[in-house]
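The next part holds the structures, each set out as structure tokens.
What follows is a pair of complexes built around subunit A, which joins subunit B in one and subunit C in the other.
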Partner chain A sequence: MVEKKEAAFNIFKHNLVPKYTKLKPEELNGLFQQYNISPKQLPKLCMKDPVAKELELQPGDVVKIISKSQTVKERVFYRVVISG
Partner chain B sequence: MKDIIYKKIERITFGSLSPKEIKKMSAAKIVTPELYDKEGYPVDGGLMDVRLGVIDPGLRCKTCGLKLKECIGHFGYIELARPILHIKYIKVIHDALKCTCKECGVLLLDQKQREKYQTNMEKILRRPSLLRKRGKAVILTARTTKKCPHCGAKQSTIKIEKPTTFLEDDRRLSPIEIRSRLEKLDDDTVTLLGMNPEYARPEWFTLTLLPIPPVTMRPSITLETGERSEDDLTHKLGDIVRINQRLFENISAGAPEVIVEDLWDLLQYHVTTYFDNEVTQVPPARHRSGQPLKTLTERIKSKEGRFRYNLTGKRVNFAARTVISPDSQIHFNEVGVPKLIALELTVPERVTGWNKERLKAFVERGPKKYPGSNYVIRPDGKKKKITDETREQLLEEMQPGYIVERHLMDGDLAIFNRQPSLHKMSIMCHRIRVMPGRSFRLNPAVCFPYNADFDGDEMNLHIPQTEEAMAEAEVLMQVQTQIISPKHGLNVIGCIEDAIAGNYILTAGLTVPKDKAVQLLVSSGVDNRQAFRKFGSFVSGKDVFSALLPDDFSLVSKCRDGTRLVIKLGAIKEGVVDSNSIGEEGATMIRSLHKKYGPDFTIDLMGKIFRLGINVLFDCGFTTGVSDTDLPEELMVKIRKLIQDTEKEVQEYIEIYNSRKLEIVPGKTAEETLELHVLQILNKVRNKIGDLIANSADEKNPTIVMARSGSRGNILNLSMIAACVGQQALRGKRIDKGYKKRTLSLFKKGELSPKARGFIGVGFKDGLDPVDFFFGSMTGRDSLMDTALRTPKSGYLYRRLANALQDIRVEYDHTVRGASGNIVQFHYGDDDLDVAKTEKGTIDVRRIVEEVKIDR
Partner chain C sequence: MIDEYINRGVPEPLVRGLVKEAEDVKLTKAEIKKALDRLENEYKDAYISPGEAIGVITAESFGEPGTQMTLNTFHFAGVAELNVTLGLPRLIELFDARSNVSTPAMEIYLDKAYTKENKDVKKVASLIKETKFREVASEFVINVLKLQVEVTLNKKNMADLHITEAKILEALQSGLKGVVVKQSKDGIIVLKPSSVEEDLKEVYKLREKAKECFIKGVKKISYVIPIKIGNEFVILASGSNLAGVLSLKEVDATRTITNNIHETAEVLGIDAAREAIIYEAEKVIKNQGLDIDVRHIMFIADLMTNTGKVKGITRSGITGEKESVLARASFETPIKHIINAALVGEIDPLDSVIENVIVNQPIPLGTGLPSLVAKMKNARI
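Right after this comes the complex of A and B.
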């Protein structure tokens, strides 16, 4: 096993990496109701994604991603973490 | 059709047929390869057995008693003398053999592994995809085991010798052996291998019975000569039955093993090609003519297969196809339909108390006299053809509720289409205009959205047959609704060629007498008497054009030469009209008109502008020839000097390079650096020449007018004809192919001069020498090949993309979702902008402000 690398470099400080926040369990239902969806229908985020690794996300977690956009000031996106 | 039973399908299970099921579903056992007896009647037990269904009209099925088209046919079966491997399941058989003990048939997993793989079995059994996944994992572990954990027997490796032979330690396994081994597997083993033993067991893949498909799916055709021609499948099945019978006879006669095995292999070949005639390493079975048979797999697969040919795409009625030709006098949203076609295609009209007399007149005229009608449909759905015999009777019985299929007439709706239908503007709704001739006529202005030209293109026409379809076509698909493209929010329909040149000439400084001005406008379809009254005895072109525009229309835009085009309250104040304002793709005036006055008004006005342009050219005459590219003497001298200077400059660079003093660009070699500089210099010449010509050009010169207005050609084209063709480039480099270190044998080795590397320093009009011509041909051929190779590639790319994206749509909650409701975007394009309502994806607020200011 390779030891977990010390944060040689903080990916969240990179200007191309948007802001990720993990949704609290109590926030999930609100989101699902707002769009009338099941977690499966959300866009996905791979658990192996560097951001997911860094935040130690587990399958089933939902993250809110706020990125900057040229056309609209803030672009909000939700992704559900999947294994594999 | 009355015994329809309505049931809801809860689930569908796919499985393979067990011998038992094959027998159970069969109506007949097939034993003889003969098809018909001497009287031409199907032989009992033959492949065309009457119990397998009916294909002749008038007969009744021996099995179910139904008539042709009611009886869907019944399967039969043949008993194979020896088991035969199913070609499509070879891989599954191989896996099953590898993973089980050759002696006792136990799965080659030890206790621990077995337990691991048996977890969660109930859940997995309910989900076929999970079952298959589990099976794959089991196979991956079990196939490497060397010794049976149950009986301790040593396992040998089993290889496939393609296509259908199995070898165990170089000894051939006969299908009998394979079958007996597979029969030993218990249900648990089968499950772990990824199959549900209820629906599929591995031994079923070694066939002992072969189902014979009903005759209805392999009908024979009677030729004109009265001879019967059988379907490919029947031929193939005949081969199978024949060889099978011979095999039976040989076995029961006790023939030598070699002969039996040869026949067995032959039977295996026939069964294999019956399933798939395109298996690698198996020669395809052929007709006597040498053309390969189309067997089961080929019936389903690929473009000509059942899915893509018969299910995803179907042939339709009420359609026509012919060559297209231009007609600039019809409206943009019209299509000229030949009378011949109008006599054939029909529109259904329902008889009511109000139109009864009118429709009776159509029936009276019948199918031959235009505008007449071809059919009358009675309220009970019976369709009656109108002929000289039936006409009187039909006229008499006609009453409200009847439907008359009358000929196409002017103003009817039609859907017009040109393949490849790459975007929604490839299918638009036009109004019909019946015309003499044999080709579809369309206004050249709508060539652009269809990507059509008139070098022999053909287009399709469809006539909507219900009121609903007509309404949808009219509201959603008419040409005017498609002026603005959803791809960039700019217009895709605009004026072209003569129309632009004409309006440019008109607005760039033409002055016409009042009567001429009025005549121009009236012949273009304008009837604006108020504007006419304002005309003085001489009218400027700008005022003529302004008479078309609405009184409250203002616009600020840029002309092609960078000056401003200002329209204030329906009058041109500054600038000229050119392709920037009325052309196709991004015409500012058309975009503004569309936004302010809507599609119907815009298409009408565009038509008027178009015709005005053409009429101006009709009036003043417009032509161009080689003499229009003649340049003044002093300009030619200047240009020659420029080319000479450039060649000298290049020569200097080459000399520096040869003396190894060239300053090398980082990351490049000396040669690359030189090439970079040289190419830059040579490419600049043509532009410089273009500028020289543009600056000293005669404004009346037709070639210049075309280039300036943006109607056709550019200054570069002109300079290529008149002065200098320029550098020929292959893959972004000067030409360096051909002989060793030189392009052609008449140059010195290593020669780097412009001429030796594809620079053509003369114009087309001067004439090219053989060297120049050869280099020109090189780039010409290269680009020709490039387009020829790229088109099919990009077509396939598009097909994949379209199939992947076809279900995506914007829902009412603004999310973009796929077919299963999965979210693709939370807001369309992240900004919720409808591109069709923007200009190039943005809204130019500054320009709107300027236009408002002008209005004040």
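Right after this comes the complex of A and C.
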């Protein structure tokens, strides 16, 4: 019932919502090496987040986010999915 | 040639802007390349160096204009009768990420088919506005003998709001639990508690409940005004219900926004909330005639949404999540923090600014930072 209600509009079409792509497992190591970080240091995305629900993400997944920005045309950053 | 510079990290708008200007004044290719090289150098020179205290710069950038804002605090402005909190109170509310916005409001854009004619816009506006039972009723009478509430309907208001009697009956039936709803022959709606132990008090309670019963519209939207921006109609609403409004097919679900950050995060996700924070903060600052670089606002918005949830800059938000005990204690309620830390035996690694100021050590910022990187084992001083 609740899910049906949410499907009344597509959140990814909203201007405020950036473009999300889930990274493949083989892409992860490259990303961590490029910035010399561990997944813990990335910004987080909660499982409860509507975006995570919509894309059916699991904890540990990393998403690449491309959002429009006033200063640089496209701002690329990453979030790691956490439970909670 | 352009892509080459973009790939090396120079922002696209800069490169394209320069090339466009250069072509306008008819520079040769070699000259453009020279200019682009210069641009790249200038851009890389402008990088923030490691150890720069950007948080302090942001705080100062907000602090100075903020002092000017305080003078015109608590002013209300807006279109027609719609009040919106602006100025410093709004900014504080925004950065504290309060869940109760003092004046919730929405900007509702309409689907293309409904923006042309005034009549259509009004119809959509009445569809969005929450209508309660008392708005379509002219009289609530308590019948003491029969222990029931008798309601006379206001036909004129019903016509204005495009509501039929059948719809009202249906809404009452689902809105009031444990109540028998009937319509008598002369059009009066009769409400009677269905519980066995009827007493007058119950009937009084029922009358008050019935007045607030939801009939139609989107819940929580208490007031709407259509206004014209450019050449299209936009509905400004006081009260906020993003999910409810976006579900309507008459509404443009790509542009409609609310000023409640938490609601945005709940409905559209954390990154939408980040954008909303930037948008709202910019709106306040521009409205006051001030100019703060958007990068500072972005930085705060990033900080507030970093953990995946919207966190305000308060002791329960990001300040309360600082690693160091001393840093937390120096912000608000110091004794509570220190006692709790002592109880669990917390260790303070002293690797940030404020705790090092407290214990009188060099702070790891600017020239104080490199000691973290350089190994001083065999160095002679």
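Heads up, the rule we're going with is that the second predicted complex is superposed on the first by the 78 of 84 C-alpha atoms of A that agree within 3 Å, B and C clash if a C-alpha of one lies under 4 Å from a C-alpha of the other, contacts with A are read in each partner's own complex, and residues count from 1 in each chain.
Methods note: a residue touches a chain if its C-beta (ideal position, glycine included) is under 8 Å from a C-beta of that chain, and two chains touch if they have at least 3 such contacts.
Since the structure is predicted, the reported quantities are computational estimates derived from the model, not experimental observations.
Colleague: Please work out whether A:40 is in contact with subunit B alone, subunit C alone, both, or neither, and reply first, second, both or neither.
Modeller: In the superposed model, A:40 contacts subunit B only, not subunit C.
Colleague: Quick check for you: in the superposed arrangement, does A:82 touch first (subunit B), second (subunit C), both or neither?
Modeller: second
Colleague: Given the superposition on chain A, which partner contacts more residues in subunit A: subunit B or subunit C?
Modeller: Counting residues of subunit A touched by each partner, the higher count goes to C.
Colleague: Touch check for A:11: first (subunit B), second (subunit C), both, or neither?
Modeller: A:11 contacts subunit C only, not subunit B.
Colleague: May I ask you to decide whether A:71 touches subunit B, subunit C, both, or neither, giving the answer as first, second, both or neither?
Modeller: Both subunit B and subunit C are touched by A:71.
Colleague: Which subunit A residues contact subunit B in one complex and subunit C in the other?
Modeller: Residues 43, 69, 71-72, which sit in both footprints.
Colleague: Which bits of subunit A are touching subunit C when the two form their complex?
Modeller: 5-6, 8-11, 13-18, 43-46, 49-52, 65, 67, 69-74, 79, 82
Colleague: Would you pull the subunit A residues touching subunit B in the complex into a rising list?
Modeller: Within the complex, subunit A touches subunit B at residues 35-37, 40-43, 69, 71-72, 75-78.
Colleague: For subunit B, which residues are in contact with subunit A within the complex?
Modeller: 813, 815, 817, 820-824, 826-827, 829-833, 841
Colleague: Which subunit C residues qualify as touching subunit A in the complex?
Modeller: Answer in residue numbers: 11-13, 243, 246-247, 253-255, 257, 264-272, 275-276, 279, 294-295, 298, 302, 305-309.
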